[in-house]
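See below for the structure under consideration.
Chain naming follows the written order as A, B, C and D, and within any one chain the residues start at number 1.
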Amino acid sequence: MKANLFFEWLKSREGIYYLLLALLLVVVFPLALDSFRLNMVGKYLTYAFAALGLVLCWGRSGILSLGQGIFFGLGGYCMAMFLKLEASSPENTAIQSTPGIPDFMDWNQLTALPWFWEPFHSFSFTLIAVLAVPALLAFIIAVAMFKRRVGGVYFAIITQAIAAILTILIIGQQGFTGGVNGITDLRTLMGWDIRTDEAKTLLYFVCVGMLFVCLIVGAWVMRSKLGRILLAMRDQEDRVRFSGYDVASFKIFVFCLAAMFAGIGGAMFTLQVGFMSPSFVGIVPSIEMVILCAVGGRNSLLGAIYGALIVNAAKTFFSESFPELWLYGLGVLFIAVVLAFPDGLAGLYRRYVMPLESKLPAMLRRSASTAPTLPVEEAK
Amino acid sequence: MSPSKQDFILAVEGLTVSFDGFKAVNDLSLYLEPKEIRVIIGPNGAGKTTVLDLICGKTKATEGSIKFQGKELTKMSEHGIVRAGVGRKFQNPSIYEDLTVFENLEVSYPAGRSVIGALAFKRDAEVIKAVEEVAETIFLTEMLHQEAALLSHGQKQWLEIGMLLIQKPDLLMLDEPVAGMSVAERKKTAELLRVITENHTVLVIEHDMQFVGDIADRVTVMHQGKVLSEGSIDHVKQDPKVIEVYLGH
Amino acid sequence: MKLSKPQTPPRRSSWTRRHLLGGLMALPALFALSSNALASEVNTTGLAVTDDTVKVGILHSITGTMAISETGSVQAEKLAIEQINASGGVLGRQIEYIQEDGASDWPTFAEKSRKLLVNDKVAAVFGCWTSASRKAVLPVFEQYNGMLYYPTFYEGLEQSPNVIYTGQEATQQILASIDWLAKEKGAKTFYLLGSDYIWPRTSNKIARKHIDKLGLKVVGEEYYPLGHTQFNSVINKIKLKKPDVIFASVVGGSNVAFYKQMKAAGVDLTKEKPLLMTISVTEDEILGIGGENVEGAYASMKYFQSLTNSNNEAFVKAFKERWGDDIVIGDVTQAAYLGPWLWKAAVEKAGSFDIEKVQAASPGIELTTAPEGYVRIHENHHLWSKARIGQAQTDGQYKVIYETEELMEPDPFPEGYQ
Amino acid sequence: MFADYSMPELMSIFAMQGFAGLSLFSIFVLMALGLAIIFGQMGVINMAHGEFMILGAYTTYLTAQVFESVMPGLYGGYFFVAMILAFVVTFALGALVEWLMIRHLYHRPLDTLLATWGLSLILQQTYRSVFGAREVGVSLPDWMMGSIAVTDLVEIPINGLFVMVLSLLIAFAVYLLMFRSGWGRQVRAVVQNRPMAEAVGIDSGRVDRVTFALGCGIAGVAGSAFTMIGSTGPTSGQLYIVDTFLVVVFGGAQSLLGTIASAFTISQAQSTMEFFLSGSMAKVLTLLFVVGILMLRPQGLFALKVRR
């Protein structure tokens, strides 16, 4: 019965959008782009994870977090720690005073691996940590804040302050974290060289796969009763509370979920870019994640992904072609989205494209039924 | 007043709350019998809404006790109080405008109230039946799949009452349910309330004396955070203290 | 894959030997210099070299927080390229540069370096400023086998066949200055102060080791976050500890605040008690700080704009003609200027643009026309150069008061200092 | 750690450290006052606040340049002219921004955050195009240099004193304006009940514009004062924004007195910790301390308990 429902859903308008996105990411981009550009798209998509989380947390539930970079960074650092340990085998680091520990620790006169690095020898632990570490920190923040009904602007500013704290800490504790340079020179994942073009292409597909997992989890949450409660909570928090719900627990849940999404994004970032540094943890990247989400449409999961793609592509384009101008472009984009298109691309699409689309339903049906791939399944 | 404490569904005793020294409710006691419609009236600033806030936990009492079916409410969380069987409607209709009428009622349906529960919640036949029944009671069967934002003011009020009904509370608290309604809507609301009291105890705040006369079993008059008078509508109308407060100024 | 060379000294000896051999083998190519060799001969690996042109990359931050520091390097590299072109180019080919913006963002640096190497097939890249950006691009250069000329003085602890480090590594800057302080100024106690990141911390580690070795004393060590602007507390601590020397490696905007607040708190650097030795304030930074605020401070660098040799006078004149009269030239700017010239020399020695051959030809390359004087590429790809000490003047220039007699040997992995 | 020092040394260090805390305090006050008006009174989150400060700093720089080249004899007085100009320029830009952007967003406070972030990017790039990427410095006139030596060890920097007096004067002026003038009453009326204020004939649009512009103007004056202690570069403004917001939020956004008290608490905490710990850790601990307290007392230090 589940499978039937699934195919029903695929044939719905929403299902078609998902298929189109899958087509774009799985077929069009890999065919149309060389491995260099494809890797860049992969990098853009890692931000889409954070943007997906923000749709749930900000668009759907009204909780604006200016600290998604924290969770993105934590996920990324967990993965980087694992890869760094693998790259720092005693053979590779034979000239160090203490072989077998990461090079930056040796430079900082550490003579043994710090205890919290030890578990990152294990890949399965790392995979769990990528989810659990961001979720745990998010849980602590969320319990402290939401149980006391801190919300809105205050929450935003406090998450921003936490992002600042974490950046200073990582930079200051360079013996443990690699400092401002971050954790660099990552080479292999379980013996598999992640720096080759083939590996990067494969990682791109893994990234797309994970993105669809998150997308589907997100869509499932939005469509469940929980999704409706989140929306209800955003508009009439007291009414929800006096309908017998523990509002804080819902906020905690959605904030943790968003943190986990960002953590996965961070881990994928580390794998594809090959290093992690404190500059992805701080205030600026966190705000940029909000912008991706806002440009895509803060209420639309698919919008968040397109937002991440388009804004980052624009950033690359501007900075390649008009290096002196790209901040203007980005700034104008922010303002335009907020002032003129508060629902972002998704809103524009709904207003201008959808009416056209309903005039051509037959055509769309056909194109959907002829689309042969079922990448959504692949992702599951 | 003779019945023993156990007979009261709600027993409020010595309730006091102060905001930076100002006592909005001062040593108030109030007892409700099961299936009673009690109306609280009083001039602006008498502390009527604060009493409802205190009972449903929105405001924490400084002193005093609120016992509901033998349970002490003052120490409970808001959602705990709701789950214990107290429903509350706000003064301004507060409904979810982006959801349909059906979804509004469904969100209020008392199942799937935990995070996991809400994720696993299914819209089964039982839910649909409950929603449709309530929709019928609140005259909104026709509008079930419209966005709530499109409802008239009166319909929104009814919807919020419906959202309480579907929780099957034992005590319903309504803050000015007919404010802003047309005469026809008022009549319908009074009718609605009468249906409701077949199964519920109701505590209403209202200004409209005509409406109060129509529905009230007993009336409590509040003034400056205290009970001024209590009894049938005719009794309080003739109470000189009440006349003094309403006409003396 | 040829790129998974071990990153470490076993390799150090092996590749240098190989490179030396390569260098010898490249000698005959020198004779082919006069005639314009066919592109297919001087470029066997598909770089962007035609019969008349060769493409190189310039990769610095034009936007973002680092743009402030990197501007001078871009100007110097462009000037050097223009001068080389005017004098006939490299192997008879005009250099065309492709400029990319790293945007003060490390993955962007990595991305752009890959673009330059993979899409544009440039023969060399001049760029990067911070260590973080260099660390980010390093795997890319090693993977795609490119050449990077890196201009900034930095913490050392790195050595790659694909990078030529034209600035000082930490020991060159620090050892000479501490020796000088101890000998000439009789300094006994030091207070180490820096911005909180790897370069100041590593530099101070080297400094501390050396200070201990000389039997002198460190009385305080402290780091502030990048961009910090409140130094009153540390100035109080300095006043309390009364060190002979404040050894400062504060960078960026923090400098301005630090020196202004020092001055305001009555610490007069011209009185030399305490005296201040900076390894981070070049003439560029003084522009922002204001000469009157740093007057009297000492700096340990390899280059100062005020050097009086004829190379430098010509360089300063050309630089000002090209970029404007009120411009100042700092240590890194000069090091960036060396990049294209060193590359040209290596290419012409190798007789080829092929990366392998240029790498092989690089050790031993000397530049007698360098504004700082004579420099030579060491086998470890850093430069032999002199260490100098200058004293800041109110006009924002340094007066050179000391230089080492010999070239200092670069030692990126100092024994016992790690 | 005190064993090595004599009593008078310790006393003077404490005095100096106290002064260091006070000068940090006056900087926080300057930074936060403008924001307290914009955020606390209007609910607008102005992420470009730092860029408004920097505009003030650049104005000061330009004024200093002009004085230096045109009338060097009057250089000692440039700062007062610069401060007024900084106020005027940032006030004007603030009014323009309010008119173009902010007034459309009063019902969406979180969106003001995004829009003003965009504005901050545009301003940064403008500064870079106009003034170059390099940081610029302003030389202080002679009378502001140096310090008053109280004892051998205790020296009070004159420019520090100046900034302190300036910040207190501005704080006092803002207090008078907001709580003792008719205009301040209008602002508070609009904040508390816009429709009602409009009904009694207050031009709420104008009040909004002037309030926002005033907040920006104060930021400009703050930026002007910053040239005495810090640097001016296109991105310098970003450094201050987190600290500034924390000061305002920590004080309880609605209350000017709270802002001042919170600036005092945070600055003293930071300078005390800086003395006992290394700089970076002091900063981390200060921020943690503020965030921790905000979690325990989200309404800030000085918010009233009100019936809602």
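Rule of thumb we're sticking to: a residue touches a chain if its C-beta (ideal position, glycine included) is under 8 Å from a C-beta of that chain, and two chains touch if they have at least 3 such contacts.
None of these values were measured; they are calculated from a predicted model.
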Just tell me the minimum hop count from chain B to chain C, counting one hop per pair of touching chains.
-> 2
Could you run down the chains that neighbour chain B and chain D together?
-> A
Select the chain at the greatest separation from chain C, using centres from the mean of Cα atoms.
-> B
Average the C-alpha coordinates of each chain, average all protein C-alpha coordinates together, and give the chain whose average is closest to the overall one.
-> A
Quick one: chain C and chain D, Cα centre-to-centre, how many Å?
-> 38
Taking each chain's centre as the mean of its CA atoms, how far is chain A from chain B in angstrom?
-> 44
Residues of chain D whose C-beta touches two or more other chains = 125, 128, 280, 283
Residues of chain C that touch two or more other chains: which are they?
-> 62-63, 196, 223, 225
What does chain B use to touch chain A in their complex?
-> 56, 58, 77-79, 82-83, 87-88, 90, 94-99, 103, 106-108, 110, 112-115, 118-121, 160, 163, 167
Hey, which residues of chain A end up touching chain D in the complex?
-> 64, 66, 144-145, 148-150, 152-154, 156-158, 160-162, 164-165, 168-169, 171-172, 283-284, 287, 290-291, 294, 324-325, 327-328, 330-335, 337-339, 342
The chain A residues in contact with chain B across the complex are 221, 224-226, 228-229, 231-232, 235-236, 238-247, 249-250, 253
In the complex formed with chain C, which residues of chain D make contact?
-> 5, 9, 13, 16-17, 19-20, 23-24, 27, 125, 128, 132-140, 145-147, 149, 153, 155, 157-160, 228-236, 239, 270-271, 274-275, 278-280, 282-283
In the complex with chain C, residue positions of chain A that touch it | 34, 36, 40, 43, 92-95, 97, 103-104, 106-109, 168, 171-172, 174, 179-182, 184-185, 187, 193, 195-196, 273-275, 277, 279, 316, 319-320, 323-324, 326-327
